[in-house]
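Below, chain A partners chain B and then partners chain C, in two separate complexes.
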Partner chain A sequence: MTPEKEVMEISLPPSPAAPAPRAPLASRRYALEVRQQMAWPRQALILAVSLAIGFGISAAILVAAGVPAGELLNEFVLQTLFDRQSLQAVLFQAAPMILVGLGAAMAFRARFWNLGLEGQMIWGAIGATAVSFFDVGPHALRLPLMLCMAITFGLVWALAPVLLKLRLGVNEIISSLMLNYIAGNFLLHLVYGPWKDPKDAFPYSPQFRGFERLPEWFGSTGPTAIALALAVTLLAWWFVGISRAGLYLRFVDANPRMAHAVGVPVRRMVLSAVLLSGALSGIAGFVVVAGQEGRLTQAFYTGYGVSGILIAFLARNNPLAATVVALLVAALFVAGRNLQVFYQIPFSMVQLIQAIVVICVASSDFFIRHRIRPVVGKAG
Partner chain B sequence: MATALQLTGITKSFDGFKALSEADFSAGWGEVHALLGENGAGKSSLMNIAAGLYAPEAGQMSVDDNPVQLGGPRDAARHHIGMVHQHFKLVKPFTVAENIMLGHPLASGEGSHRRRLAQLEAQIRSKARELGFDIDPRQRTEQLSIAEQQRVEILKVLLAGARILILDEPTAVLTDSEAERLLSTVHALARSGAAVILVTHKMADVMTYADRVTVMRGGRTIKTVDPKQVAVAELVQLTVGDSVAAPVRGRSPAGEPRLRVRGLRTPGTGGTGGRRALDGVDLTLHAGEIYGLAGVGGNGQSELAAALMGLTEQLEGELVLEGFGDLAKASNAERRALQFAAIPADRYGIALAGALSVAENFGIGQVHDGRYGPAWRLDSRRMQEDARAAVAQFDVQGVRSLDQKAALLSGGNAQKLVLAREFGRVPRIVLAHSPSRGLDVRASAEVHARLLAARDAGAAVLLISEDLDEVLALADRVGVMTRGRIVAEFEQPADRQAIGQAMVHE
Partner chain C sequence: MDVFAIASNWLGNAPDFAVPYALAALGLILTERSGVLALGAEGLMLVGALVGIGAQLSFGDPSLSLLLAMLAASLVSVLFAVMVILLRVNQVIAGLALVFFCQGLTGLLGTLLGWTNRAVESFAAIPLGPLATLPLVGRLFAQNLVVYLTLPIFIAVVWYLTRTSAGLRLRAVGENPQAADAAGISVTAWRFAAVLAGAALVGLAGAYISLVSTKLWIAGMTGGRGWIAVGLVIFARWSPWKALAGAVLFGCIEALIPQLAAAGVQLPQYFVLMTPYAVTLAVMVWVALTRRGRDDEPGALGQPYLREERK
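And now, the complex of A and B:
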């Protein structure tokens, strides 16, 4: 059956009187129809309008909270993007977000709800730190080795939920989420216990040496991390857009039963997509410890899991779009932090704004997929 | 006898397919009225109209000799019409009483919810006692057996005030003794003054319990008779239509056996009435022949198709492909490489991915063996070119662009796209399950021509269809499937009456 015929009717409060030739808007009947396809300029327009609504509401809230209306544009756009330091902070923030966003997108493309991005990130960071802590390999190969370990550890942590799902049908939403807590508590064990820096009393690992940190570029590690993230983006884009596996994944996503029937190796595709997702999160962990923190800390991962899911969702699992969205989310994050410093806006306000923008964009999907039109000439 | 329910000149179409044309039906108070016909004859559609689920395009309906117009099932309930559907409409995790509450006047009555629920439970107990049902209103419905769930459905419509009770294929899911019990209960209900309409394809139910029977065929009501006055053979003939000799088609004799199925069984009891869905299927397909498998739907046809397509994990029995060996061990990509073509019945469930493009839906068939580039690079241009050629060759209409979603195609054109993919290369084995369901005459004829062409090119074709006309027109041999087995086989020209008997007698 084609969904074209799916029509549900919403009846808004019916008018008790006989229908007048031109009834007021609210008393007419409306039909909600499923729309099949929409030209992309219109989709872009709808998206732009919803973004504008989101920013409008956010601006109103900020003004209500005491930010002078005239300062909003200055703070949000100019300060964030045209101030060198802020821009670097954005890039700095964006790199791991791009990576977890891609990670989420890969798993979601296989209809696998990987909520374990943070756990996989933690293990990636632990893998990278282990190479430093145990002084493995020559100095010149130290960074690539750390990257490889991060990839391996992230991937192995993703293996558990995907095998549980494929073999035993265990719901991955629960298993991957719960594994985050195991990873997080193991991390605490390490930084409070065996891996604690002997130099002082804080819960973190010893500082990485110079050759164990991402090299600086333009005076910061931000651009290096971004370059790495963009390279990974290109790889992800090749995987989903150019390779045969990408076609297979589209079928797994669109209709797994049908995909299986026409010979797509569904289980193998799910397995590879999820392992890739874990590997990408592992790289994100590597970028944070080797690029930002310079050591393993106890809470470096907080919030990345949610951000990754959000980025993948807004980007509709498209790798290139995920990069753009991640940059946007990072900019929002940095702008929010600036507001926090200069206007004493609480951080929860920043999260509130993010949530509002996301809800607006998410609801735009409804108008892309449906059309509402008045019912004409229908009796009763 | 006053007329309880009267339908006159009812016409209804779906997607341009005429499901009902000028159907007439009437049932009186106090009678059990059977509605008999093959699958797709329009019985359920007609009764869904009576229950307010569909709005007819033309025709009148009256209850107790008063004309009515139904705006939905609630309107139907107001006119004391209640329907028990073939697929039960119960909220599984809810209790019996909660489920019955949903359609009951007490749902919005006075007093606390708890008190009303208690009141309803008392009503359920007394009604159940009256009907001889053993039902605990506090039990959750998912814990009930199929027969018990059906009793809950009956209680639900009766307690909602139904006096015209429509039962859609009520015995299809029951064992023989359960069916007998149910039918005598509804018979007693009718005797106490209700009107009972029994939608069925089972001759035995009709002969024993119905006071009158209306036969439907091809969306029309053919005749209403008293089952006591007619012979079974006559009813069968009314149901399956006039005996038209199958057109004689030139064909070479069948070739060597190509696919052998021996003792094929599905594990567990997924079939009707607690039986296995496939319960020992024996079947041999020869090269260059069409084997038509007739039967009433739900007797294991879907499971057989799934088994052949590699969608069933655990199977007992043999599935041997000549020159290859055990087909059950082959992956679905290997099946494709062996030129196994499948036209599943569920077009958007198993045959096509509606959200993906026409080109992708076409290309997925041959992408595995590297026709569209190596694994690291998909040759989209070649895929597009092939798809364009195939769309033209198989006359798939309504393709504005190859990037258009497959879901936008109409039923017939979607089926042609499936054919284009599956018959892109000369197949060795073809499985076609209800290939012309929902298609118009022209599209059906094209599908049939493709099947015959595949056979003439030496393919072994298995045609599974509930449409006996289709089977008789195409098949070189005819098998009848009942309760997960092939119970009879006929050489062409086959006797239509005999096939009909084999289908309905169990």
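And now, the complex of A and C:
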């Protein structure tokens, strides 16, 4: 991949002072220039416009798919944020979202395209479930043990792509994706095979006992999960913003070769960032099985990979921003489920909206990074 | 069932599994030779697969359906082309966004238009005269039209890339856009053309899976084959013939699984389903281990081009 930042840091020639007389339209020429910096209000304006375009297109598609235009605001904003049950569902959904978003952000900070978030999440969930299934450890220590196993399993599943990348230069996009499919099939093997709940015919593991589930707080496990996710967010923020390793990571992200030249242990930094990413995804898997489902199910991970990448991208890999974006994505998920129930709109809509927003925001970057300037005289 | 019949069936079915990989990899090579990193294959295959079935349900002519599927994939890839060529979006982000977009769009449209799980009629097998009655290898010569067309398509694309001046221009744009631009070749136009043409082939691969092979549409039915094709291109070091060989290898492995099951070999089902992904991973590692010094990757792969930029 091209080190993008290297290309972008280019000094500009001073623009000509005197404006030239306007040429006729057909003979006007324009040059595309790389812009070094843009004042933040204009950046914010461009971002806002691109988000507005993205939501506008999404709204148009929703209307075309059969949601009455007048109901959009009601469905998306009022129903989701002001209905007690929906709000609880949003918080419920947000905890694993925050964790996979942070996971993606950690790896992307080291310029490693970890697309294996779902696989690492699956293994995290398998690790947590294994503790319950094999009845390991005393009851009081059960939950911490499950968490530790989830972290370990997620981390180990992330180890393969990063080692392959660092040692052999194997493309991590493909390797981490392939490992997702392998993990997904192994999960099916477990829930249809040896770990299947003997009590009924559904493909899931036996129900966790009370002490193996996240404790309830304010009458639900949602707030507990959110508290856990926020604690992890703070740790991540400390890691990237304050710790020495975070500073090194910013160095690696800006220019790996330069970082190596000034003595930053680049490979070790990449390795630890990706392992951290796997561990965070593993925790997300733990939160889903121990907080939401209470057992290992066959497709609990669907959609988290896409959303994790989206969250990290929109948050520019910033942990605190990732939390906010994750909350919004969680709200979108809940709204999507409501649409599914009330208007029979397939859940793919949620992914489509996310993709449209990413496309709009990614494209808007062009106007932040470039300027189009009319060429005066015989240029080119 | 005896070994002979199993081997015969296996050989007969292998092309059916190999063709989508081969066509998708060929399309990706065409695009990537122009210097554009094409990660969107999984999404474009889904578009081709959905439109292939939709067109067949609407018009009932399989050849027309294939053409429409190719056209639809090209059309969607315009979005990608604008993003990476004009707006210079990071090509990994743009490729991932394209996949997510297509997954969402095809899932939505397939359900809303009622195209899901509806079986269609399509190409029948065409036995090649006496060749098809040969023992053991006979079924290899009783394939559908698209399988027979795959080899000519490969020959045409390879001839185009290596034997025509247009192909040389396309490769020049991918190897060294500055030099190509200085020689008067429009980098933007050639990259656009390469993305659209490559997408058409990837769309054809997708339509093959739904229209010709499975004969129905299910959301997400490509199941990672687009990503495997991306891996295949790396494995083939951007050479069409090596990609074809890789596709045949994958086709043979995938075709073997149902035959083993039919022969009564007891295999754990979900471990068997992992095979294509595990094999992809294995060949990627193998390539990395055996790669010689020469790097065959297109020189400017993944790099946006801007004339005004200083290098």
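Annotations for the structure displayed:
Everything below uses one rule, namely that the second predicted complex is superposed on the first by the 346 of 380 C-alpha atoms of A that agree within 3 Å, B and C clash if a C-alpha of one lies under 4 Å from a C-alpha of the other, contacts with A are read in each partner's own complex, and residues count from 1 in each chain.
Definition applied: a contact is a pair of C-beta atoms (placed from the backbone, for glycine too) under 8 Å apart; a residue touches a chain by one contact, two chains touch by 3 or more.
This is a predicted model, so every value here is computed, not measured.
More residues of chain A lie in touch with C than with the remaining chain of the pair chain B and chain C. When the two structures are aligned on the shared chain, A:A259 is found in touch with chain B, with no touch to chain C. Contacts of A:F153 after superposition on the shared chain: neither chain B nor chain C is touched. Contacts of A:G246 after superposition: chain B is touched, whereas chain C is not reached.
Looking at the shared chain after the overlay, A:W195 reaches neither chain B nor chain C. In the superposition on chain A, A:F300 makes contact with neither chain B nor chain C. By the touch criterion defined above, A:L32 lies against chain C but remains apart from chain B after alignment on the C-alpha atoms of chain A. When the shared chain is aligned, chain C comes close enough to touch A:N185, but chain B does not. Shared contact residues of chain A, touching chain B in one structure and chain C in the other: 1-2, 4. Put simply, chain B touches chain A in their complex at residues 15, 69, 71, 309-311, 331-336, 342, 344, 348-356, 360, 363-365, 367-368, 372-378, 404-405, 407-411, 414.
Residues 1-5, 36-37, 242-247, 250-251, 254-255, 257-265, 380 of chain A are the ones that touch chain B when the two sit in their complex.
By the touch criterion given at the top, residues 1-2, 4, 7, 10, 31-34, 61, 65-66, 113, 115, 164, 168-171, 173-175, 177-179, 181-182, 185-186, 188-189, 192-193, 306, 309-310, 313, 345-356, 358-359, 362-363, 365-366, 369-370 of chain A touch chain C in their complex.
Contacts from chain C toward chain A in the complex involve residues 37, 39, 79, 82-83, 86-94, 96-97, 100-101, 103-108, 111-112, 219, 223-224, 227-228, 230-231, 234, 268-271, 273-274, 277-278, 280-281, 284-285, 288-289, 302-304, 306-310.
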